[in-house]
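Handing you this structure, nothing more for now.
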Amino acid sequence: MDLKTQYKKVRKHSLTICQPLQTEDYVVQPVVDVSPPKWHLGHTTWFFETFILKPNFKGYKEFNPNYNYVFNSYYETVGARVIRTDRGNLSRPTVADVYQYRAYVDQAMENFLHEEPSVAVKEILILGLNHEQQHQELLWYDIKYILGHNPLFPAYADENIEQNLHSSPQNWIKIAAGVYEIGHKGTDFCFDNELGLHKVYLNDFEISSALVTNADYLEFIKENAYHEFKHWYAEAWDWVKVNAIKAPLYWYEVDGVWMRYDLSGLKPIKLNDPVSHISFYEAAAFASWKGMRLPTEFEWEIAATQFNWGQLWEWTESAYLPYPGFSKAPGAIGEYNGKFMVNQKVLRGASIATSPNHQRITYRNFFHPNLRWHYNGIRLAK
Amino acid sequence: MDLKTQYKKVRKHSLTICQPLQTEDYVVQPVVDVSPPKWHLGHTTWFFETFILKPNFKGYKEFNPNYNYVFNSYYETVGARVIRTDRGNLSRPTVADVYQYRAYVDQAMENFLHEEPSVAVKEILILGLNHEQQHQELLWYDIKYILGHNPLFPAYADENIEQNLHSSPQNWIKIAAGVYEIGHKGTDFCFDNELGLHKVYLNDFEISSALVTNADYLEFIKENAYHEFKHWYAEAWDWVKVNAIKAPLYWYEVDGVWMRYDLSGLKPIKLNDPVSHISFYEAAAFASWKGMRLPTEFEWEIAATQFNWGQLWEWTESAYLPYPGFSKAPGAIGEYNGKFMVNQKVLRGASIATSPNHQRITYRNFFHPNLRWHYNGIRLAK
Amino acid sequence: MDLKTQYKKVRKHSLTICQPLQTEDYVVQPVVDVSPPKWHLGHTTWFFETFILKPNFKGYKEFNPNYNYVFNSYYETVGARVIRTDRGNLSRPTVADVYQYRAYVDQAMENFLHEEPSVAVKEILILGLNHEQQHQELLWYDIKYILGHNPLFPAYADENIEQNLHSSPQNWIKIAAGVYEIGHKGTDFCFDNELGLHKVYLNDFEISSALVTNADYLEFIKENAYHEFKHWYAEAWDWVKVNAIKAPLYWYEVDGVWMRYDLSGLKPIKLNDPVSHISFYEAAAFASWKGMRLPTEFEWEIAATQFNWGQLWEWTESAYLPYPGFSKAPGAIGEYNGKFMVNQKVLRGASIATSPNHQRITYRNFFHPNLRWHYNGIRLAK
Amino acid sequence: MDLKTQYKKVRKHSLTICQPLQTEDYVVQPVVDVSPPKWHLGHTTWFFETFILKPNFKGYKEFNPNYNYVFNSYYETVGARVIRTDRGNLSRPTVADVYQYRAYVDQAMENFLHEEPSVAVKEILILGLNHEQQHQELLWYDIKYILGHNPLFPAYADENIEQNLHSSPQNWIKIAAGVYEIGHKGTDFCFDNELGLHKVYLNDFEISSALVTNADYLEFIKENAYHEFKHWYAEAWDWVKVNAIKAPLYWYEVDGVWMRYDLSGLKPIKLNDPVSHISFYEAAAFASWKGMRLPTEFEWEIAATQFNWGQLWEWTESAYLPYPGFSKAPGAIGEYNGKFMVNQKVLRGASIATSPNHQRITYRNFFHPNLRWHYNGIRLAK
């Protein structure tokens, strides 16, 4: 697919995700980690305007200079910005304004792409498309959070991505000790945090072919493991107590029955589906309760050719750290990944909300260990 | 005017205020004190549904039982409710839903009012209308806050209530010491906190015929009074420091020029207009800097026949306390005023945003001393 | 008594209060409102050094210039200071250092008082003695808090001021409506907030001759009034919930029996003693539960000649506001009272911890409505 | 050395460290991470009483049952405890009480050790001694913090451990890529987190023979690196801004000259000493500014035979994670290390405050990346 077609396809998909929303759903930010959908739509557009059109397209006229302030996310290098907690306080630009902004920038991009861009620009363009696809995944998380925390529990749509969740047969895959190679090979696109092909030594280990199910997790709840200190990290224990956690996110006990909000509304729990929306703390406690552990990201990468993955991001034991030889790109683009490499945990695989072209065995996703609004799950190792 | 006509007129006015808004403007809650406009529209409707239709109108079918949870404000007696800080996190019910809710309840009220209601119901109905008019005033405050804190500074409308601000000639009105009578007389509607006609003894005092102007206040700023401890209460000083206060709300210094957001956009300060959007702390500090003081609410009530009032609520020195003989009504309605009678300051008069029929010389408005998003001002006494 | 003798007597009394303490008891600050006893001993000494010796005693050599920073309390005018929350973080100066500091300043004061000071200095000296006596009362509060919140519940001493608590016969005193005079008369010492003799008009009222007892209050607890919203101010209700309040400070339910920490240790509740260590919120809720109210400070001042007072500070309904004509003294001394005249409640009378010469019918004590570590109680009015 | 002698020696050393303190210095807790010295003395004693004497010494009478509540640190399994932030709020038990407690338990231990204990008890005893030695190191940190944050900057003693800081010649040590072995070998004591001897693959790397000096770090400050975003992790940047960090802990700029508090008082900076008291964030930013990086804990362990270490704990890039095969011991002892294995960074080596018998090449120390009150430093790798 040529770049222009690719660009159009990716850009259109963001709107397809938002299509069932009401105007009001685009606006709110119920917790700091959730951004208003209109912000995602604006921010991804701002990325192309700021890093491609403004520096490279002669005669390009900025849509609105104030939007730089509104839609910058965290690029310290690019100037002041609305602080993250304030995103949900802005009624303007309206949703219609943001759609216009997208149309304006898309038209300019189309014009710009009449001529083949330089290699350097192409690289940023491809980064921009991958960036937008990452925000498409965040759109799913954030839309689910916005609707699933509304006291009316409105459905997103009856047909939706969560219908792709399913169970797999469980067995143990054995991997022999030895030196293995980790990291991205080849010339296809990948993020900078996957580069630095390098060797690691792994011990013998076994890893499950299947994800932990809701039925498994229900047992963990029923056997009172949320109240048994020994399975929890010290800070996990504090988190459980302070937030009165007793089940995954989106689980609600209604008259003694466990219900779960999914994108089609509040429904009884599907026992055979893989458990989702749990924090690293819960994933690790569950593993401890089972007498097992989570895999490291290296074990996962080596074993993943032998099992199915891609329903849910899988928590690993590994902290998010640079690979040997990692270095940040200069300028704003260099802020992409490196600056987050402390106090986060790596997740591997992909989820039902992930763009197909992000489904790479070397992809390193990362979240703080207390977060759970993304589509994630548990694969056990021992 | 008969009750039905009155009802229709009041209800319609709420929508007139909101008419220039975009859908998104109805949704956000940039600080805890500001409620989303759609919440005001729903809450005032809920009041009639809960206190009139449900208990008194046979066969009335509740619009949506969940709305009780969403639109209850603070009536502890009436059940659980969305906590105040979460009002801006709700994308549903949508604005269209709320307009439908209003239409549904208004239709039921019209049917209900075909027959003359009992005296008790009539009383609650009149309270409900006054309640809605109070929320109309809050709508003005909240809409101004939402637009005036947006980085794009959108105008509400070129024609708007702030154009009614104006200056008055300044002179000193003298009142002689003696016993005076305070509180509401007669049978017209008033709030319970105005009842309890009683005597107070006042000393000789003088009170200004005019409100303090922006020009006066600018001098206070320029003479550095925000940094001079001696004019401030101890907790006011903390407030100034913690919040880095250096001017009234909505004042912005742009390239050395003081601008002010009003409902028609960001404009240079109008020097002769009365200063507004200041906290009690600032009002008291200004008075101290002038070597004067604020009047008490009793002084104000006695002197007010001799000057014009009604542009801005006027901060008084008085704490908001019950009048002799005050007692709360039983049940939820009793929560209306009494439970706030601690740690708030009385404001007297009315503002450009106040319903004409609330403009009573005995009306007791009250806010915490640090708040300033309402239309308020300073009248000096000595 | 001459000034020198008076000075010695007052100064000695501070040490007498502290005499049963262990060194460690002088150091800690378990909550922000409680200051370490050694801080009180240093701060009261600093007052004499700063406001008398340094400006007036030629050749006086400051004990240690850093102590200004350590022992200034809140006088913004006098320079930087250790922030209040840090007082308990300082191990130095040691207790022995502070005793030396006292001895040094006392010696200098004795020398200074060889000659009759000027009228202006005498005024400050008397203020300084009254200031120290106020801190003596705070010493009692703070020592009780430090020991009474220690898990070992150590006694202060078997013989102590709390043994002076006792019951009084209850009857209703009637006062007729009329204009009365309020405020300090005569030339004896009083604080600036008592000045401004002025008239007030009072309605007919009745006031109890006795304080509410522990037995009365126990009934309030047993009848579940801590969980009945209607008796509480809105902010009181939040306070009760957030802090899980269910009894006065120092009450502990041990195996179903209500115990109370007093200065001789943890003891069963004495039912006939007046209830103490309750917040204004609790006092007002108790009055509401009884169908009565608290007196205003003016009612109290007029009626107080007809009942016994002085066991406990009595919460009034009145907010702490300036009397007509009140103005702050210039300079640091002017910070004494005026800057606190917002968001506090007046208490009248005196307590078992109050210096006898502070027991004036016009004395205006004040605390925030949520505080309760001082010796206070409830007198009802209706 | 036999166990009894060893016990006596270790126990005595804790008192030696505290010997120069004033009683007051034992009591305070200026920040949550710093415990009052008397708490350390009590807690280490409680360890022996709880895990050795009570379960194993027939007829042993607990010194004071309330001390379990006071001196438990974090062992969730062993019951309720004074919350960590409250340690500095307790004036009792007094310092003299704690010394008596130590003497009482030491006497009992001596009696108990007349007979050779079982292997299991011996293991706990050795753990207890290592535990006390870890608290001895914490005593140094906490004493320095208490004195070094006092506005009087009192010296601990003129002769003290910081005099052992010194510079080393700088060169680059090269290590070839390959599979290496990590973890504790042999039968000597080590902590459970060092166990699990395992292989890792390392790439070629170079590591410095010397620690970064104060002179080096001063250049980093002078070149404004604290204000250059690109060197900092995102959360590090927030930390720098929120806490207004501009130099290592204990550095004070006095009239344009950089001073540093060490245990002998406030002194000009010694340029050739290794820089200390910096957070992981600062260490990583410094390395980035130099165009280098911090070593991983595995690189450190392999290279450490070739350079001198032991002045300061050295921050590594590695997150604190379990080694392959790690499992927690059952019961309270199992809480020792494992529960902290999330969101902390590993430090390797030892410091001037470390017991000589803790100076193991495999020792894994760990702290949160924002902490800096321990003796730490920077060794660069590339």
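Per-chain residue numbering starts at 1, and chain names A, B, C and D are given in the order in which the chains are listed.
Just so we're on the same page, a residue touches a chain if its C-beta (ideal position, glycine included) is under 8 Å from a C-beta of that chain, and two chains touch if they have at least 3 such contacts.
Given the structure is predicted, the values throughout are model-derived calculations rather than measurements.
Peer 1: For chain A and chain D, which third chains touch each of them?
Peer 2: Looking at chain D and chain A together, no chain touches each of them.
Peer 1: Along the graph of touching chains, what's the shortest path length in steps from chain A to chain C?
Peer 2: Tracing touching chains, the least step count from chain A to chain C comes to 2.
Peer 1: Work out the mean Cα position per chain and let me know which chain is farthest from chain D.
Peer 2: Using the mean of the C-alpha atoms as each chain's centre, the farthest one from chain D is B.
Peer 1: In angstrom, rounded to a whole number, how far apart do the mean CA points of chain A and chain B lie?
Peer 2: Chain centroid spacing, chain A to chain B, equals 44 Å.
Peer 1: Between chain B and chain C, what is the gap in Å from one C-alpha centre to the other?
Peer 2: 37
Peer 1: Mind checking the centre-to-centre distance between chain B and chain D? Centres are C-alpha means, answer in whole Å.
Peer 2: 57
Peer 1: Can you list every residue of chain B that touches 2 or more other chains, as numbers and ranges?
Peer 2: Within chain B, no residue contacts more than one other chain.
Peer 1: Report the complete set of touching chain pairs.
Peer 2: Pairs flagged as touching, ordered by label: A-B, A-D, B-C, C-D.
Peer 1: Could you list, by residue number, the parts of chain A that touch chain D in their complex?
Peer 2: 74, 76-77, 177, 179, 198-201, 203, 229-230, 232-237, 280-281, 284, 293, 317-319, 321-322, 324-325, 328, 334, 339-343, 345, 369
Peer 1: Looking at the complex, which residues from chain D come into contact with chain C?
Peer 2: Answer in residue numbers: 22-30, 66, 69-70, 82, 86, 88-95, 146-147, 149-152, 154.
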